[in-house]
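Common to both upcoming complexes is subunit A, partnered first by subunit B, then by subunit C.
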Partner chain A sequence: MSARRGVYRRLRALLAAALAIIAAFAVYPAASLAEQEKPVLIVCESGEQFLLEALLSACSTPYTAVLRADYNKEALGYTDKVVTTLADVASDAIKSGITPLCVGDGFPGNNSVEFETVYNTSVEVSFEEHTQITRFINSMSVLSAYNGEAFGKLTLGTRGDYPFAAICADAWYVPWFMDGDLSYLLLGELIHRYIEADGVGEMFVLIDEIYPFSDFEAIKEAADVLYSNGIPFIARIMPVYTNMDYPSFQRYADMLRYIQAKNASIVVHDPVVIGEVTDAELLSENLATFDETLEELNIFTLPMPFRPLTLPQATLANLGSENKPFGSFAFDTMIPLELDGERTVLEQTDTLNKRWLTIGSYMERYTSERYLYAPVEVNEDYTYLLIKGEAPIFENFFSVGNNVLLVIVGSSLVVFTALFFIGYRLYRRKFFR
Partner chain B sequence: MVIWLFTEYKGERMEANLSSDAKARRKQKVNILRIEQRLKTLSFPAVLATVISIIIVSIALLFEPVVGLADNGDFYRIITPVNLYKLDRNSDDEFMSYASTRFGVLEYYNESQEGSALLISSHTPFIVLARALDSIFTNDPLVFDIRFLGALMILLFAFAMYLIIDYVTHGIQRYAALFVALMGVFVLADTGYTAFFNSFFAEGLVYISYIIAIASALLMTQNRYNAYTMLIIFMISSIILTASKQQNAPTGVILGLMLAVLGFLIKDPKTQELASELKKRARTKMRAIFAVCGAALCVIGVASYLLIPQEYVTINAYHAMTRGIMMTSTDPEEALEHFDISEQYDLLNKSIYYEETPLIDPESPKLKAEFYSNYSFISICTYYITHFDAFLRMLELSMDNVWLVRPAMLGNFDRDAGFEPGAQTTFFTAYTDFARRSMPRTIGFVVIWGLVILGCCWKNKPKMLVLGAAMCVGLSQMIVSIIGAGDADISKHIFLFNVTFDMISFIAISAVIKSLFTHLHFSKAKQKRVKKSKSKQRGQEQAPSQAI
Partner chain C sequence: MGFVNALAFGAILSIWLLLLVNVSLTVAGYVYYSKTEHTDVPALKDYPMVSVMIPAHNEAMVIVQTVTAILHFDYPASRYEVIVINDNSSDNSAELLENLKRLYPEHTLKIINTDNVTGGKGKSNALNIGYAQAVGDIIAIYDADNTPERGALKILVSELMNDDTLGAVIGKFRTRNRSVSLLTRFINIETLAFQWMAQAGRWQLFRLCTIPGTNFVIRRTILDAIGGWDEKALADDTEISFRIYMMGYKIKLQPKAVTWEQEPQVLGVWFKQRKRWVKGNLYVLAKFLPMVFKKEAKYIRFDIIYYLCIYLLLLFSLLVSDALLLGDFVGLVHSTLAGFSLLLWLMAILLFVVGTYITVTTERGELNFSNFFLIMLMYFTYSKLWMIVAAAGFIDFAIDKVFKRKAKWYKTERFSS
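What follows is the complex of A and B.
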């Protein structure tokens, strides 16, 4: 009896465990769905979407960008967050119960905010420990009154301080920002807060657009300098789809292996697209083939589902920090190195070092593997395949015919020449005796 | 018909003292005589061939199911400046599948901003004229029927047929001449060529103007017509030919040089009866005029080349290397080294400019600085001269596209005709189908063919010059296309080569038939004479014996 009870007890435990596991799988997908963010909807005029997309990508947030011409109110049903430069879209979002982030000066004043246009003024942007050198602006829109929380600060000449953004109950307002400026980064911070994202961003060094015909020596030299300064970096390489058996591709791979061993995180750049891609499946296959080929050559690429924000050195030079360590932003940023600019890589690295930047390693997000470099001999005797056309009809017949004709004509010429000389000598003997 | 209208007629001048009524009656009689005389000078085989061609081509192009050529994406460049647009521009099968016969006419302002890439072409005035005819004869000002353009082309084609058939049938026995005329219809009125008339491709006009130019030059060598009349016809057709497509720029230069030399070889029949001093002066004057016209044609050819939009220069420069030099080299790295370009660029080997996802944007500053700037047309010529094997390989590759007159992927019928997308006509296409299937596609065959034909007309220097120039025109298209743009789009550039081959082969076969029948005729005449003299001799021998 007790043995049977023991069996039943074990069976119940097993059943409970099974149910728990099933429940976990049942709950986890739901939790995943709940955790899975609905994409942020960006609605703006043509040309405005790129700056906003870059910020959302840096915040590791999926988004959908829609131009005004393609906007439909139904799109609001698939999102919880809307970033827009258009007043009517903001109004639709508010009516749908969504709190939009309104960017730009295209919005009218209301109970929550009032705007004012300011002309010919100097602007100093500041946010937490970050500041920027003063700029002179011809005209800009500012928040003259708001009913909510201020975000960031703009100091306008003698006019005083204004908030960079206002977080109000109905919507969030950002009347002005400028690309290549701390205000643009501030907008990124605001978006990071708006989408309720967690975490702090990292700063990376980037060598961008590495083509198979880039200057390999310059890239290797840059990798050596960065490695000797203990700076990991991202190397974004351009995808190759054809001729991957050529010696030139082997040399390209050898260079990539070298920089990989110098703490480079190899990431495949977005493909160059001319016009529209009509066969997305083919493109995916080509990119997969490229990845596989690199893997066979011991080059391991890392994914980059969300691209960090590019922070040019010129912008960085204008930023200041109250603390000695520069600090970081809420989102990921990449500082591109210029290999063919006026300043050498060494000078650029020195500048980065002096700014007390905390440079992260992108590779460590995905692997703790460390790679070594082993040179591989390139096959310089490679035989290139020539394109051959279709075999023409009657090719053999005419080839044989051509050869026969050539023999006949050639021998006739020889005989004729001989006869000519013989006849000439006879003629001379006969008439010039 | 135009020729005999302008041909000089030397009638007798009567210096009688007549009354005004009598003078008027006399003038009327002389005019009627002139017309009768001129009608008698018309070539019957040429008239017959012209009429048959008009009938055949009209059936194909003007009656249902209308035959034309579908748009491959190039139509907008020629129709946009003349305020036309495609009615099916929003359809999925807008390109390649159907040859539309109806096009919309822009009612309001033409907003096209793509002026820089639009083509300058002598085809445009013909389209404008066709539009005018359409507006006169139809009541629909918003729709253009392309058959009006086709009808205009048919009229010009009739003139071209008359000229070429008149040339080849001159001096041939009647039945042989009729046979040659029908052969000409079979070859030149093939729907493979005439389908271009009902489209906005310039090839239709190129075809007609090229035949007129070569036929008028050959007629000059026969010394039957006024040389200056033929010169005017030649100049007009050559200018139209050169200006119809920018790739025909070398054609203008070749025809111009040919014309300048031809002036030294032909004689004007008008001057044959003049005194020697006057003859000399007339000859010098003719040579000077021919030289000036030839120079003008060369200048037009060069200007046509220089007016090529920059967009096409980059496209061609890209292909010249990726689909030309690198593709035919056994070592692309060595080929790139020749031009001082990084060997790593051989990864662009065999790529085309129009790829959706290229390795690098063909318009990128990097390519402009490190790739395009390192070579030019001249340096590519030099490369091909010093690497003749690569050039031969390119020629062999090009030969795969010869004899393909009608682009295989373009449909011939309108959407409303009920045919499948991309359907092609088989009406009167026997010759081009035969040529495509059976002609050898090797460069050796072309060289032998050229040498044989030039060798056969060795005794007739003017004719040899004209045929040699025509061969140069045909080959120049292929060679210039290879040097300038590799094998990209070579099927479009080989059109003139096909026309040259077909036309010259037809002329050569006609000459063979002519000499064959002439030989037969003289053999029979000689046999008759020999028989007659023998019977006369026999008669004379018998007479003395009878007398005895």
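What follows is the complex of A and C.
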């Protein structure tokens, strides 16, 4: 009897262990999932907020941004990653067992790092195959000593090389970056590594902020140029909430169908809200109605839960690559085209082609559908008049006249000045004899 | 081209043409100034009989000072008479004048007191009344608020007698109360600039001047021929100037003959005075414009066109350009006309300031930094006020014409010195 009881006891223990193991496996993925869904916490001043948010969005990572004034230590309980420009927040994170990413020069030196402020220096930023033209900086903070792994490189004139960032045991440090610069993209690369994200980003071309009263001909022409160069693009359209039955909206839809057929990925721009959203439900309803209306008109919008980083052509122009193909960044980027700038779309496309950029198709992430275009007759009523672009009249006349008058007025001023000096002598002679 | 663009184009063109005309007049005026500084006034061999007329209406505040100064002219007392036309005055001017008569028995001081029946019809009417009793071969006119310098009359008469082509000679007027207020400082600059730019410049280039209403002498024979002053004219001086020219005579500026007059010290008084001048000049323009292409008007053609340009073209252009600027700013109108550069407009403003400054430096005590800054301030303030006055005068004149209203003479208020 006692032997049988011993077997039962062993079996019960085995069963309990098996159940515990099964439970652990059941809990672990959930825990892992829960951990993955925890947003990154950004704590900073208001001026830095949108820069850091843009990078995290480009890394397709959910985040919560909190300004210093609204910061509370309890927020650290809901995250595993903290990106901050504030020393006290970094200190709280470290105490909570989180390794923060410390951005900027607001951090004191410690056992891991030492900082130095450098004045009036040239800076060359480089990372893997990417380089940038040398800039002159009035003052910047650099890592003069670090106990960890270097990330990226800054070459400061004759002073030598410094790491762009240091990955240390207690925290990751990035003392300096500049918006519109390779250093900003490098910060994005660092964040991508920090949040342990996978994958490589894509580059997209963007035609942004398309309104029902934008220049349709210019947009269509841009779409034609891009299509003939085999370049897909994102067309970000501004949401419309009213008057969607007007002929002007029908013309707008017709234009969108046209560019959709030219490999445009139609994405709805975030609504521009002045102040705070007072009725989120109404806004949501309006956006849904807009989407439905577009769908009825055969325009299929794509979601953009995480916005790629905008890479202006001016910034791109300063970047170089050691390889023939430009390469890509760890996160998504989009290059906006300027439709009313000095350069034509053809010139801009030509530049993109010459840079050996690999332009991705945003649409292919969501669908393999391709669209055709069939023109639709629309009532000519309510046609918007384009005021911009009217060439001033009599430009030549005024240009020539301006120069002639400048000479006449200038000569008259010279004559008057001479008369003044003559008059001054006369004055002194007459009244101070 | 579009209506708005056409308006803008016309306005810009006119403003610039007139600016260039004024630049030429300024340079010419300064050349004349230099000449007069190096030229002596011709000597007077004989002293012709002069009747000095002073029209006055309720001028008790200033008349004593004026008549006293005139009675002290450096001119033989027996060779000039002073006729004060005390026109429909309700103050104690008559009494004050009688006192003066008693004080200066060696002078011929005639006092003509009128009432609202015999007088009260404005300056031209008063002058005609005085003229009827004048015995001089030369008539000199002084406003009641003037204090002429001792040598003024002799200098004017000397010029007139030494050149038979002259029908009248005008002197220079200065602002007596120029330091009283910002307005009088502006007026001081304005009067100097006008005399040197418009008067001296026109004389140097075209042998043209306009009688300023005071401190001038005119041949009696001319007045006889033209029948005295036009009583309908509010700008009697401009009107008579045109008629002198049409007779073939000239009017010369002799800046060494100086009088000091009191200018309006407050904006309301200034506005009324200037509006009267505008209306008066428009009346003269309307009267003589039909003759602009006639042979007999060849001497006044430039002046007719000049007044036309100032009172119609320049005023209209400035109003249009300001209105278009305002309209474009508020989104009411839109002009696609190209324009001149900002640099050019700034240089033009500088030209105005420097040109005006040159004219004021001809006078003692005026060559200073504060005048330079005052002129800059004038450009943005006083000059804009002129536009308002001119527009108001224009509208008033038009209403008078349409409703056949009689032109009313508003006497300029005086201030105690």
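Here, the second predicted complex is superposed on the first by the 343 of 433 C-alpha atoms of A that agree within 3 Å, B and C clash if a C-alpha of one lies under 4 Å from a C-alpha of the other, contacts with A are read in each partner's own complex, and residues count from 1 in each chain.
Keep in mind that, in the parts below, contacts are C-beta pairs under 8 Å (C-beta built on N, C-alpha and C of every residue); 3 or more make two chains touch, one makes a residue touch a chain.
On a predicted model such as this, the values are computed, not experimentally measured, just so you know.
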Is A:F431 touching anything from subunit B or subunit C once the two structures are fitted on A? First, second, both or neither.
second
Considering only the touch criterion stated at the top, classify A:V404 as touching first (subunit B), second (subunit C), both, or neither.
neither
Which superposed partner A:L419 touches (first subunit B, second subunit C, both, neither):
second
Thinking of the overlay built on chain A, is A:V376 touched by subunit B (first), by subunit C (second), by both, or by neither?
neither
Touching A:Y252, do we find subunit B (first), subunit C (second), both, or neither?
first
Counting touched residues of subunit A, say whether subunit B or subunit C comes out ahead.
B
State which residues of subunit A lie in both footprints, the one left by subunit B and the one left by subunit C.
387, 390, 392-395, 398-399, 402, 405
List of subunit A residues in touch with subunit B within their complex:
211-213, 238-243, 246-249, 251-252, 271-279, 283, 286, 384, 386-387, 389-390, 392-395, 398-399, 402, 405
What residues of subunit C sit close enough to touch subunit A in their complex?
1, 5, 9, 16, 20, 23, 26-27, 30, 33-34, 37, 334, 336-341, 343-344, 347-348, 350-351, 354-355, 357-358, 361-362, 364, 367
Taking the complex as given, what residues does subunit A use to touch subunit C?
387, 390-395, 397-399, 401-402, 405-406, 408-410, 412-413, 415-417, 419-420, 422-424, 426-427, 430-431
Sort out for me which residues of subunit B touch subunit A in the complex.
327-333, 342-347, 349-351, 354-361, 366, 370, 393, 396-397, 399-400, 437-442, 444-445, 448
